[in-house]
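Note that subunit A is present in both complexes that follow, paired respectively with subunit B and with subunit C.
Then we have the complex of A and B:
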């Protein structure tokens, strides 16, 4: 069971003078249960890539396999709705999609379009809201437009989660949130991942990717420039700097210390581990006065 | 798919037409339209057709753009042609029950069809060779004399500029919201008329809300920069007639003269 992107090329406005090769020969495999981070400069093709995964965009060349089935074949196109139930996609600034009169109805939109029973819909909405720390009784009859920014985003994400997708894809889910909101969302995503959901997250924060992702890809000009575990990818700081994405704050710190002659590992992303590493390195150099 | 809309599209270029003053082009198009309805025989129509070919060639714009424009109005043209053909009274050429085609009808159908196509093609040359900004600038200038009769020239032009500016934004946003709702299982393509109309709600509500919000923000931003209408406002790029515009004016006079003369052939 996996999401597979095979030699996918995508061209916006094909045939016009403004033709734009947004993706070029992308190959990628996301196994079930994995947490994949996608990073890259603005315009590098991240959003274009993820819109292929649930069939919103059709590759100009190449194919997309979901659980081994090519989703752009004729028979599969007819079952797009089922596919979109399996592969949930949360767009950037999803709060702009809210439209219903009440929070409950908005979250129910997805499940309802799947043709579930009212009972089942209600259970799913309630379950999803509780998962997101939105009190069901308190919020269900509120208008989504009277909520705070963070709450709106929660409702929007709940609208996708209520379809109970197997794969969850998020395009910069924490953009525009305050630090506490960010943290809350990341914890939530991590929890969904622990519960077995496959996560694909686009992010501009290397810190978040380093902390949560198991694998990552770095995109530039519609191509995958680097891929692997965060340890592997962040061991190429020079390339990352050239691509314009940089490395996590902690990695930056460790790299600086190493430059100054400290014997530290540079592939740690956890604050506590880094602290221990630095203390060890410092105690090694006790008595040395150059620093 | 929404990106195919070509209304008001501008194609950058360096042709004679591109470099004309927008006022000249607007007036020339108006004169052309009038001339189209002045001519009343095939010599005149042929003359106007020839002129439009020359103008299209001068504009250096790929011919496919005109075909696209014509394709968009093909329904209206066919309807006009059919109605003219069957509804015009006169000498009967062919009859089947209540349906009859008259000689006058065919004549009228050819005229109206050609006129419509020429109208659209020449108007699209105007927008294809003029940036929206200079187009509204031109309109504002041309409306100035009517200001004393209460026509709010500057405000009208500003509204047009803003509307044109936001067409691409709205199209982009429509596409984005459609995709986002499709990801939640919305279906915009199948179902009967009622179902389809209903399916538009998840699209229209956010679209309108965002548009209103954006209008609010824009108004605020304009006010913050002390915008207060057209009074005493000067321009960075003042419109200026050049030699080319006088050449164009002479050609327009020739066009009108030609159109009137053709009536007597």
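Then we have the complex of A and C:
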């Protein structure tokens, strides 16, 4: 089972003077259970790409396959709703999309539109709120608008999770949160991943991608410039610098140390591993003064 | 100097009908030419503190004085607002006009300044934020970082002595963030403006002269970045981010006391490790 992007091109305002190729011949396969990071700066096509994954945008050319089914094919129209359910999309600043009078109703909106029984809806809402550490009894009747920023975002994400998607796509889920909120969300996403959910996360933080993603792609001008594991991708610091996304802080340090003659690996991201590597390099090279 | 003396601020929360102490006996002196970073989680009182600096909020108890003028003195309100400019998080909420230069002129126009002088101030302000080339453009055509720089120019054109930035880079991408931080440094170092930057980004805080950390309406830690960010355990306990290099320095120092614990940047770390190679 997988999410597959096959030779997708997307053109905004085709035929007008403002015609713009937002995606150019993108090929990408996201296997079930994977954690994929997407990086690239504003305007590189990241958001356009993820909006294709659940059929919000239709490719100008190419196809999107969810578990092998082309979601834009005429014959699969009837199934489109079901396929979209498989792919949950959390936009940037999702809290702007809250609209119901109570937290419970807001989260229940998606499941209710699926035509589930009230009992099932309630169970899903309760379960999702527990997952996000939102006490059901305490929060269910509150207005989403009286919550703190972090709580609002949780409610918005809960609305997507209550649809029980197989693939969860998040566009900069931690933007604008405080450090505590950021850590909490990243841990939550990692937990969903451990429970088997496929995660696609757009992020500007190379440190976060290095820490959580198993695979990553780097986009520029609507194309995938680099892809692979974070170790593979971050071993191209020159290209990444040109694209303007850079490498994780500790990678940058290791690269600089290597330039100065230290015998260190440069594909480590964890602070404890980096510490060990540096201490080993120091002890091995004691007395050498080529620095 | 801005002098905050035993400042307490109490909100009345309509929804729960209870009083919330947003600031609890805060004292702080901000000196001219300083660059201060204020850190802390949402709800810790940082923004409430910021809004006291130009009388958007007034103390429940205690005082705030800007160059010895008490912010609670209503007659001096416009003097204070002119001395202390504020830049907020969302650039889209701060731009009002249809072209960049008109937007920058908005503040000085409202101060009743002569047109010729406004012209000069707008040109200088746009120059200071490196946006002169965009002066005839519509603000909606700009990137987030560019919009934020225009918002800053609008403040500079009013010639404040102090600028308070309330999470100015929170909604920007890394390039926009860098542009705005470069502008903030330029204003502080080259133009001598006093900068108070409220932020969640530790890499921004590392570049300040002084870091103030707030929690539950109080200042819990304050000092030079090197003094603050070496308190790794305390920061972790507060669930604040630690700059990655500072965290690494602390770990290395634990194992090898030769390596200094107060290292904040990649450059410093490379230099330090070369010493012990």
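As a convention for this text, the second predicted complex is superposed on the first by the 286 of 291 C-alpha atoms of A that agree within 3 Å, B and C clash if a C-alpha of one lies under 4 Å from a C-alpha of the other, contacts with A are read in each partner's own complex, and residues count from 1 in each chain.
By our rule, contacts are C-beta pairs under 8 Å (C-beta built on N, C-alpha and C of every residue); 3 or more make two chains touch, one makes a residue touch a chain.
Please read these numbers as outputs of a predicted model, since none were measured by experiment.
In the superposition on chain A, contact of A:81 is made with subunit B only, not with subunit C. Touch criterion met: A:149 reaches subunit C, while subunit B stays clear of it.
Taking subunit A as the reference, the larger set of touched residues comes from C, when subunit B and subunit C are compared.
Looking at the shared chain after the overlay, A:175 reaches subunit C, while subunit B stays out of its contact range. In the superposition on chain A, A:26 contacts neither subunit B nor subunit C. Within the superposed three-chain model, A:56 lies in touch with subunit B and out of touch with subunit C [touch as defined at top].
In the superposed model, A:109 lies in contact with subunit B only, and not with subunit C. By the touch criterion defined above, A:66 lies against neither subunit B nor subunit C after alignment on the C-alpha atoms of chain A. By the document's definition of touching, of the two partners only subunit B reaches A:163; subunit C does not. Comparing the two interfaces of subunit A, the one with subunit B and the one with subunit C have no residue in common. Of all the residues in subunit B, the ones that touch subunit A in their complex are 3, 176-177, 179-187, 201-202, 205-206, 209-210.
Those residues of subunit C that touch subunit A in the shared complex are 15, 40-43, 89, 143-144, 170-171, 173-176, 200, 239-241, 243-245, 247-248, 251-252, 255-256, 266, 269-270, 273-274, 276-277. Those residues of subunit A lying in contact with subunit C across their complex are 41-42, 146, 148-150, 175-183, 204, 207, 244-246, 248-250, 252-253, 256-257, 260-262, 271-272, 274-275, 278-279, 282, 285-286, 288-289, 291. Only residues 13, 51, 54, 56, 81, 84-85, 88-91, 94, 96-99, 109-110, 113-114, 145, 159-160, 163 of subunit A touch subunit B when the two sit together in their complex.
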